[in-house]
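Chain naming follows the written order as A, B, C and D, and within any one chain the residues start at number 1.
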Amino acid sequence: MGMDQAWLIPAIPAAAFVILLIFGPYLPRKGDWLAIAAIGTSFILVFPVLADLLDQADGTTYVAGEKAWEWLSFDLAGAGETFNIEIGFYVDPITIVMLAVVTLIALMVQVYSIAYMKGDSRYGWYFTAMSLFAASMLTLVLANNLLLLYAGWEAVGFCSFLLIGFWYEKRSAAEAAKKAFITTRIGDVGLLIGIIMLWLEGPNTFNIQEIIAFAEEGGYETTYLTAAVLFLFMGALGKSGQFPLHVWLPDAMEGPTPVSALIHAATMVVAGVYLVARMLPLFELADPIALDIVLVVGLITVMISATMGLAATDIKRVIAYSTLNSLGLMFVALGSSAVTAAMLYLFVHAFFKALLFLGAGSVIHATEEQDMNRLGGLAAKMPITAAMFAIGTLAMIGIIPLSGFWAKDEVLAVTREEQHIVVYLVLLSSLFITGLYMTRLFVRTFLFAPREQEVYDRAHENGLLITVPLLILGLLATVGGFVVFDEVGEALGFAGGFGQFVFLHEAHGFEFHLDVAVTSTVLAGGGVVFGWFLWRDKAELAASVRDRFAPISTLLANRYYIDEIYQFAIDHIVLGAGALIAWFDRVVVNDAGVNGSANIGYLAGFEAKFLQTGRLPNYALAIVAGILLLSVVMLVALV
Amino acid sequence: MIPIDNFLVLSAILFSLGMYGVLARRNAVLILMSVELMLQAVVINFVAFAVYLDPETFTGIIFGIFVIVIAAAEVGLALAIILRLFRNRQISNVDEADLLKW
Amino acid sequence: MTYEEALFYVIAAITVAGALGVVTARNVIHSALFLILALLGVAAVYVLLASEFLAIVQVLVYGGAVTILILFAMMLTRVRDIEGPLDGPQRPFAALAATVFLGTTVLAVTQTEWRGETDEATVVTIEQIGEALFSTWAMPFEIASLLLMVALIGAIVLARGEEGE
Amino acid sequence: MEFVLLALIVIPLAVCPLFMVIPSQYPQLSRYLAALAGGALFGLSLLLFVAYEFDGGSGLRYELQWAWLENIGFLGENGITFYLALDGIGAPMVLLNGVVIFAAVFVSWNLANRTKDFFVLLFLLVAGVYGVFISQDLFFFFFWYEVAVLPMFLLIAVWGTSSEFKTFARTKEYGAMKLTLMLVGGSVLIWVAIMALFIEAGAGTYDMTVLREAALDEDFQKVVYPLFMVGFGVLAGMWPLHTWSPDGHVAAPTGVSMLHAGVLMKLGAFGILRVGMTLLPEGAEFWAPVLMAIGVTGAVYGSISALAQTDLKYMVGYSSVSHMGFVLMGLASMNQIGVNGAVLQMFAHGAMTALMFTSVGALYDQAHIRDMTQFGGIAKPMPRHTAFFTIAGLSSLGLPGLAGFVAEFHIFVGVFEAGYWWAGVLGVISAAITATYILRMLAKAYFGPLNEKWAGLKEMRLGEQFAAVLLIAMILLMGLWPAPFIDRISATVEMIPGIAG
């Protein structure tokens, strides 16, 4: 068992999916154990693969494992070349990080789901879809070529559609599922075009490493490459919910909460980050504008999501905005070419964000309520959940020594070094806002007096199936950040800290930037404290602030009206164009064109029939005229 | 003697007059009479060709005889039809018998 | 100009005059009378063409039978009572067509180089005609007689009218 | 094997008289016979597909040539022959036809009105379709083409349905008439072009293998090719001559719609490829930009039109226009990848659109309406039906792992490769619009709260489920393992003159 067998990792959940799809309804417990066993096995299999990678590594020089099978191949006429598409798997440190995150979170979430989804009428289908998601996501991560990556990419999008729309009887869920799929699909248009562009001028292969090697030899023209990577980035925009395609992610919260934890926090939405990280050498070779665009998009997303998080009242939506916030941070890191920072943030983010969602799920499961305005004071009744949620919140805000802190400071340090000071300052200000709205979330949900007694009465701590995953994730969210230290890495068998495992050009050790750490902690802590005062007790202070800045708060509550603008565009432009073309088709093409030509024939015949007067002399004259005409013609011809 | 052209031109004149009659007249009987003129013109042509150009087989003369025979039959039938038309619809002008149109 | 030619011109003039009368007469009966004149003229032309047999047939069939038939038809259809002009609205076109036709035919006749004797008519005797009619043309002759009979019966059926009429 | 090929034509023709002698009071007997014949055709088609292997030359295998008319008038040696052979493009098409007819028989199982007459016409049509796919003689190619087109008139006019919409009405007679007239209009162009080709080649034969060797004058090709392009294009739903297609679908009974969209429209694209591009390569090259423009217009136009439809059959009908636009784009790319993609798309679209019509038909049989806005939440009473329709829809929007993606991807790559950037981008966007209308339909009709009016809906009949599973098997087969298709198609496409690398 080594890197060559890495294909088993997605294959096992895929097999489970097929079995569940066909025999699921006939299995005991609808086959949930099969799905969990499959993802558990996959999780375990990550370790031998990792061990193999470390075994073969020489210091910090990693030898990637690659294995491929031919999927289709044909000769190109007259070109003497072959068009090949492979199914291939590629393992390197970035892959390993993703594999670990995906399998672990998926395992946690599925265990959690046993309790959370209990009694649902489509319990079996839930685990079937989850297995398909796991298989697709792992395929995406392991793919060695862009086409297989695209396949996994679309498949996870489809699973996301299925799972957001899991409770499809709810109109809002059906609409959210549709919105998510279509919005990400818009990005995928770009992704597909980008893939084709890279192939078109490239080395007649879809293999990612070969394309990168080709690009490094200067195979692509710079402007062409810039266009291609920006098209690729469009795909990442859609999938990772970056501005302006972020609108689907908050709505995606219509899905079951574990799904949100897995797909819309920890794994699928970071696929865009993964894609950009994977293709980062191309971004660097392209015109600098490419990375600048990544950075700016990330920055915009950070700011708008953080501010929108201030106004949302649904606890899941607040977490969704925080996810957007985090994803934006990752793109900011990528925009500065910092794969290490981005992947580290991705790694720890998976833990604390899954933790937050599962914690929120625990609350929702217990109280059947997810509106902050109707919760409050739950800490007393749900101590474990509240404690874990607190860890998640603090990690998200980035309080030392929780995992979020280390990752966030990496990003900040990189931006301060690499980018304009404005970027750094904007990020710092976003930290403050993050502190505000995360504090608000926690305070309003768990502390002070309950706002709805009835809801409060329902609340209770959940069973082990829910609390154990919470505890595990809580632990990881606490200590996950320590992987940055070389000592920790060495203790775990790595060559050093995270920076010596995941890097773009050369490994680098951990550096503690005291000034960054102090500034960020002060700002984040300030956010927490300020938030505490704003929303403590009955949140009178917050209410007065809101009233004072009424236009702004309305703007935020309405999410900058972006959804409305899109809705308007869809209703009036897209559907309008559809109606126009349908009208054009029926009236112009069909009625005027097709029926019209038929009518011309009919009318011509109708008019021509009056030549048949029925009067003998007319006919006789016509005959004579015809004969005369012919005779004259012949006479002229003969004479 | 008389050149053949004379007869042919005479025939042409008769035929043209008959044609004028057929086209210009309204009354069925008059049209019939014009048709007879045209037939006569044709027969003159036939006979002229027969006796001038082809005296050995003189097919034209035989044809002329047949034309006269058929003309007789035709007149008989045509007049019967005209009579019928007049009796049924009180019409003796052909341009009034225009039911067979459109 | 030989006397034969002179004779031809006289006869031709009479015939054309008769034909002209047929198509232009304002009176139907006059038309019919002009027709007799034209037919007799044509019979004379046949004589000039040395076909006495045909001339005789012409006088018998046309001068007698056909003319009488036409006059009877006129009587039966009360042509004198017809109101409105005898000529239709397309008379100018008819004249034009007839003129054009005449022009082209005369042109064709005069421009054609006829092969064989064109100045002298050869006499075809009645014996020759009779022989040919009953040997070479026996079949068409029989068919013509059949046709006559059919026409006869047809005319009777048509003219007789339906029962109770 | 030659005679298996022959059997594809003989079996459907032979069952027609058999249907006629079955007394009409035993419709069940007719159905069993139809199932038997359909099964046999499916089996033989599958056999041919599996057995076919490219062995050089132009890829023709299992040749069977019988002289019919020769050395008469302008016909020389082998003037008109009954010449059957299979090539790598024909093989998947034959399989497609086998699958669709087999499925169509089961879908038409409950047809009660004039059952046997229906099957007679259906099998006549199928014989024509098979004939087109395997004829190598231009004369018989055209003959079978007409045989395939004409029964459609009766099938729609007799067994179809008339529909009333808010602002207009479409009677079945209108649909049938329009379809037939437009297709016959196309046939006229084709026949003129065939005659011109025959005379110009001067070989005195309609044998396509001979004709493709004839070096035709370039100007001649440029003049005649558009006749083929437009003539066959009508049947391929080429914009703007597509309007017979949605109206025809709306009027046609389900089984006929399946054959019509699934197979019949492929005849048009197949004709452009087999006759137009193969015999007139330079003409095809000259007109390729025009075909590309038309194809991409059809693709975008069809998908946007589908977006505005509320009638399920209209939606599927316009999606067919859109997908046939992709096929034309692939053909117009004139390179290996694109043309491969076009043939793949013919198969993929055939299977998925047949599946869509199966689903729509099953719903309509119960609900008697097709307006998606009047449904809602019917995924609950009809989960399998929903799954089938969803799979068809996903295939059509190009989800990897299903047939549509493999085909569309090849087409897009081919189009980009040929240098038509604008067309490639518009094509990808059109695929995204496809996603929009498919999901919109699913969200409107199948998801959301269950409309109580439809709580009584039952799952699809077993026969329909069987048909759907059969079609899904094809979609999955091509989506997950396209190599068998590609191997057959590509080797043959490579031999077509004028195809670039």
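One rule holds in what follows: a contact is a pair of C-beta atoms (placed from the backbone, for glycine too) under 8 Å apart; a residue touches a chain by one contact, two chains touch by 3 or more.
For clarity, every value in this text was computed on a predicted model and none was experimentally measured.
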Subject >> Geometric centre distance via CA averages, subunit B-subunit A, whole Å >> reply: 97
Subject >> Rounded Å distance between subunit B and subunit D, as computed from the means of their C-alpha atoms >> reply: 65
**OP:** Would you mind pulling out the distance in Å between where the CA atoms of subunit C average out and where those of subunit D do?
**Re:** 71
Subject >> Gap in Å, rounded to a whole number, between the CA centres of subunit C and subunit B >> reply: 6
Original post:
Mind pulling the subunit B residues that touch 2 or more other chains?
Top reply: 19, 22-23, 26, 95
Original post:
Can you list the subunit A residues in contact with two or more other chains?
Top reply: 617-618, 621, 624
Original post:
Among the residues of subunit C, which are close enough to touch at least two other chains?
Top reply: 88, 90, 93-94, 97, 101
Original post:
Line, ring, star, complete or other: which one describes how these chains touch?
Top reply: other
Subject >> Chain-chain contacts as defined at top >> reply: A-B, A-C, A-D, B-C
Original post:
For subunit A, which residues count as touching subunit C in their complex?
Top reply: 617-618, 621, 624-625, 628, 631-632, 635, 639
Subject >> Residues of subunit C that touch subunit A when the two form their complex >> reply: 88, 90, 93-94, 97, 100-101, 104, 107-108, 111
Subject >> Residue ranges of subunit A in contact with subunit D within the complex >> reply: 70-81, 83, 147, 150-152, 154-155, 158, 161, 165, 168-171, 173-175, 177-178, 181-182, 185-186, 188-189, 192-193, 196-197, 199-200, 574-575, 577-579, 581-582, 585-586, 589-590, 593-594, 598
**OP:** Please name which positions on subunit B make contact with subunit C in the complex.
**Re:** 1-10, 12-30, 32-34, 36-37, 40, 43-44, 47-48, 50-55, 57-58, 61-62, 64-66, 68-77, 79-84, 86-87, 92-93, 95
Subject >> subunit B-touching residues of subunit A, taken from the complex the two chains share >> reply: 609-610, 612-618, 620-621, 624
